[in-house]
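A, B and C label the chains in the order they appear, each numbered from 1.
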Amino acid sequence: MRVKVTLAAANCMFVGAALAQTSVGQGPVSGSSVTLFGIADVAVAYGTGSAAHKTQLVSGANSPSRLGFRGTEDLGGGLGANFWLEAGYNADDGTGVAGNRNNTPAGATSGDVISFNRRATVSLIDLWGELRLGRDFTAPYRNREQVDPFGTNGVGASQANVGTLAGPTATRASNMIGYFLPPGLGGFFGEVQYFMGENISNSATPDDGDGYAARIGYGIGAFGVAIASGSTKFARTSSTGNINVLNIGAFYDFGILKLSGGYYRDKVESIVPVTGTGYLVGGTVPVGVDQVRVSYSTYGTDEAGGPRSRKFAIGYVYTFSKRTVAYVTYAHLANSGGASAALNGSLTAPDRSSNGCDFGLRHSF
Amino acid sequence: MRVKVTLAAANCMFVGAALAQTSVGQGPVSGSSVTLFGIADVAVAYGTGSAAHKTQLVSGANSPSRLGFRGTEDLGGGLGANFWLEAGYNADDGTGVAGNRNNTPAGATSGDVISFNRRATVSLIDLWGELRLGRDFTAPYRNREQVDPFGTNGVGASQANVGTLAGPTATRASNMIGYFLPPGLGGFFGEVQYFMGENISNSATPDDGDGYAARIGYGIGAFGVAIASGSTKFARTSSTGNINVLNIGAFYDFGILKLSGGYYRDKVESIVPVTGTGYLVGGTVPVGVDQVRVSYSTYGTDEAGGPRSRKFAIGYVYTFSKRTVAYVTYAHLANSGGASAALNGSLTAPDRSSNGCDFGLRHSF
Amino acid sequence: MRVKVTLAAANCMFVGAALAQTSVGQGPVSGSSVTLFGIADVAVAYGTGSAAHKTQLVSGANSPSRLGFRGTEDLGGGLGANFWLEAGYNADDGTGVAGNRNNTPAGATSGDVISFNRRATVSLIDLWGELRLGRDFTAPYRNREQVDPFGTNGVGASQANVGTLAGPTATRASNMIGYFLPPGLGGFFGEVQYFMGENISNSATPDDGDGYAARIGYGIGAFGVAIASGSTKFARTSSTGNINVLNIGAFYDFGILKLSGGYYRDKVESIVPVTGTGYLVGGTVPVGVDQVRVSYSTYGTDEAGGPRSRKFAIGYVYTFSKRTVAYVTYAHLANSGGASAALNGSLTAPDRSSNGCDFGLRHSF
């Protein structure tokens, strides 16, 4: 929704009286515009494992529920500024979704709290690209999200996303300085990111939560490919240490089928290092305005036994309109090597399987 | 406020540049609309009891302060979708109002937190009715609210609402699947609801917070009547157990007086069961554009001694405009059988009375 | 942004259907308007002291990041009503900013939570002035903010603001009843405030958080002066007691230089009373559309040793547009008498100095 802006003169006496005695220096300015946007996505989710099953109403099984405010200002001469504030919420109960202040486990915020956990950025954009400051996706996450037919959401989400060892910055990072290449480079795109844990220099762990990431890719017409890498620093202990991420994703749209795939490697430099690897092969088939989604994904680590989970997911998205869809997703997950991943909140014993189903409604605004 | 929607082409270069490298698939779509709405209601509230008195600035003594976002999409052929996100807040200090994740005492969220605690729903609506998913009022609450001249708010709120034994789902439930009959049934209306506590099957209390409710009624012209019932499951202990609610409400608008009444029964199936009963008789008298509100309400239980509280309340609402009113409410409460209810945060000894007054300003937007 | 209002008839069937079965009595009304406004301000902040340094991405170093909703209604005959809801947030990580429920240390809310901590008010305004109810700035704060070239924000903020002993109501108070003189009194302006701690009368500290404040001033053309005073009650202990604040601020705009100054005195009536005093001399120099800001400020107390901090700050604000600026600020702070204040999260030993720098981007909407 782009709301149209007018600064009406009516009632200004009252506004003026109020402003005159407050310290708000920066009021709204004529010519500004704000876009209010969001998604409300609710599904009935059922999961079953060898030990216990669960039925829930869940939020965001097709696309995470959110409410956002964003806007752009044309500064002339090819220069622009924008802001983007996006809050996640649970459409099944109205509560918030956890964010993170400093890219470490200790910086996680309460899951009840609505904050701009999904994105809080201000940008300067010119012909040379975009400088973006604040909280945003980390670059390697985009390769997990963009090649997954289920967009890393719901019971069908890529197991390489669900099982990732990539830690507190797996999806987003706070205190980030990012730079994006401009569009119009013949299909090439790219970004670099530096983010800060904001520790004082005499801290016991002065670098925890500091990190960097980059992604470069090529996309033209029906084809796209991108490679991304990043590293976040954590003091080495038996359970954690620097986390290094490398992945690659690609897709080709044949028209009757959009085929996508990705390979993922996450390494945790704990005292005994652990490496997780996974891949995904996915397909999206248009059925008129509707869509069939299929994916096979796997993720496992080199820990004792070689625990690994493999997921097969299939879904159908029924399109009421561009803004409103209904969807159903079924997933089957198999564990080996001692893994015990389970779907939709169910519980399964090591090496046993789990099944899950989402049936939901998504409305965008 | 219905904001008018235009998707301007200007500045799309910047928006496009930003979007191209993010994973937000569902942006705002041309033709959408969002209604931003709310209430700011603040009152000076004074309460006095036999033990202590209190003076406060309170929020929502006429109508709870809130900020909401909602919208509707016409999908054609009599089909529509809508969303409704409504957050309560305290207009006296800017903080939030507690919600609940799972319909149990343990699922309550912090009162400081602003969330969509009042309502978070997405709906599909057609000629057969409305399917509504998310967090919403429970059906029996509507009979407490709609026949109370004070709308269950402020010092005059029906004692059958204030004292209710109906537990965490007394007013709202999360994780709800609801169905409403369509309008146009010759005055008949109705709804059924199923809501989930979302416990895993091997939990010690696998059903806590699960429940259902229904309401059916008839309203035409000046007359309305509705009956509602519901049940929420909790494991039986000395202090709690399944809670069963039954109530009936009715009103008749004589023009010079809108008369309303309700009867309420709440049963807690604890090891020694407890039943609460109450009723309300209320009247609303228009005085030009202003309004006089009067009610007598009572609520008590069958616990030892038969504790019961009786409240008489009278108020005047002065109408500046449809959006802005000032109001004053006075209430007197009498306790018997060992009850010690007190008004506006005061404290009174068992079987002693309490008095309270609100003087406030409500502005809707 | 003033959004234009239309109440379209389209889709009302669905809205109507939803409303008919909910208990929301006060919907949006034709003719209303809401202004959505905000600031996103992010800076790279560096601080160094004798003991440790720190680098962060910070929010609001030029002007605090915020998102707000406000509106005004003309009630005719010179009467108006308005509401103002303004939430602070951290644009570097998307989290909230702490508020306070009851003007005492115990009433502080979590810093992760987004609430209307900056302002939550509803007002009635007529030719006699404005009655404002809710949470707002305290009157004496305005003299700290309005004469500080850096607006009390970022590394350059007046040391008389940073070091103030004025306690939980130093900047804002909740549960406030305020009255403002109307504009048009030949340059005179003024306000009085009463705010409540909302304790029950039999509390051990029945008056904690109660207080009052007033400010009166004169401003015409290039000149302005104001004096303010306030008192907040706290039970006397070794570390706290009633806090009494008195300050005066003035400015004169020579065109090529806006010169400002302030004197500040805060007294804490603890068992051994403590008095803090400070002053500020500041200058703002326009450079075309840009701005150079300079200030010297000091604050210290009469505690043992006479601890005192002195800050010199200089900054440049580069103006892209009325809505978007970039800025750089440098500050040097010297401690004496055992003080150990440090800039931008760094750490310095008693009587050692600290330096800090902000480099940021602010976008208003």
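We take it that a contact is a pair of C-beta atoms (placed from the backbone, for glycine too) under 8 Å apart; a residue touches a chain by one contact, two chains touch by 3 or more.
Chain labels with UniProt names: A, B, C = Porin.
Predicted model only: the values in this text are computed from it and were never measured.
Simply put, subunit A must spin 120° to overlay its Cα atoms on subunit B, rounded in steps of 5. Taken over every residue number at the interface, the positions common to subunit B and subunit C amount to under half, indicating a different-residue contact. If you average the CA atoms of subunit B and of subunit C, the two centres end up 34 Å from each other.
Under the contact definition stated at the top, the residues of subunit B that touch 2 or more other chains are 3-4, 33, 36, 73, 82, 110, 113-114, 119. Taken in their complex, subunit A has these residues touching subunit B: 1-4, 33, 35-42, 44, 51-57, 63, 67, 70, 72-74, 80, 82, 84, 89-96, 110, 112-114, 119, 123, 125, 130, 136-137, 141-142, 145-146, 151, 180, 182-183, 189, 191, 320-324, 326, 345-347, 361-365.
On the side of subunit C, the complex with subunit B involves touching residues 3-8, 10-11, 13-18, 20-23, 25-29, 32-34, 36, 69, 71, 73, 75, 79, 81-83, 85, 87, 99-102, 109-110, 113-122, 124, 131, 133-135, 174-177, 196, 198-202.
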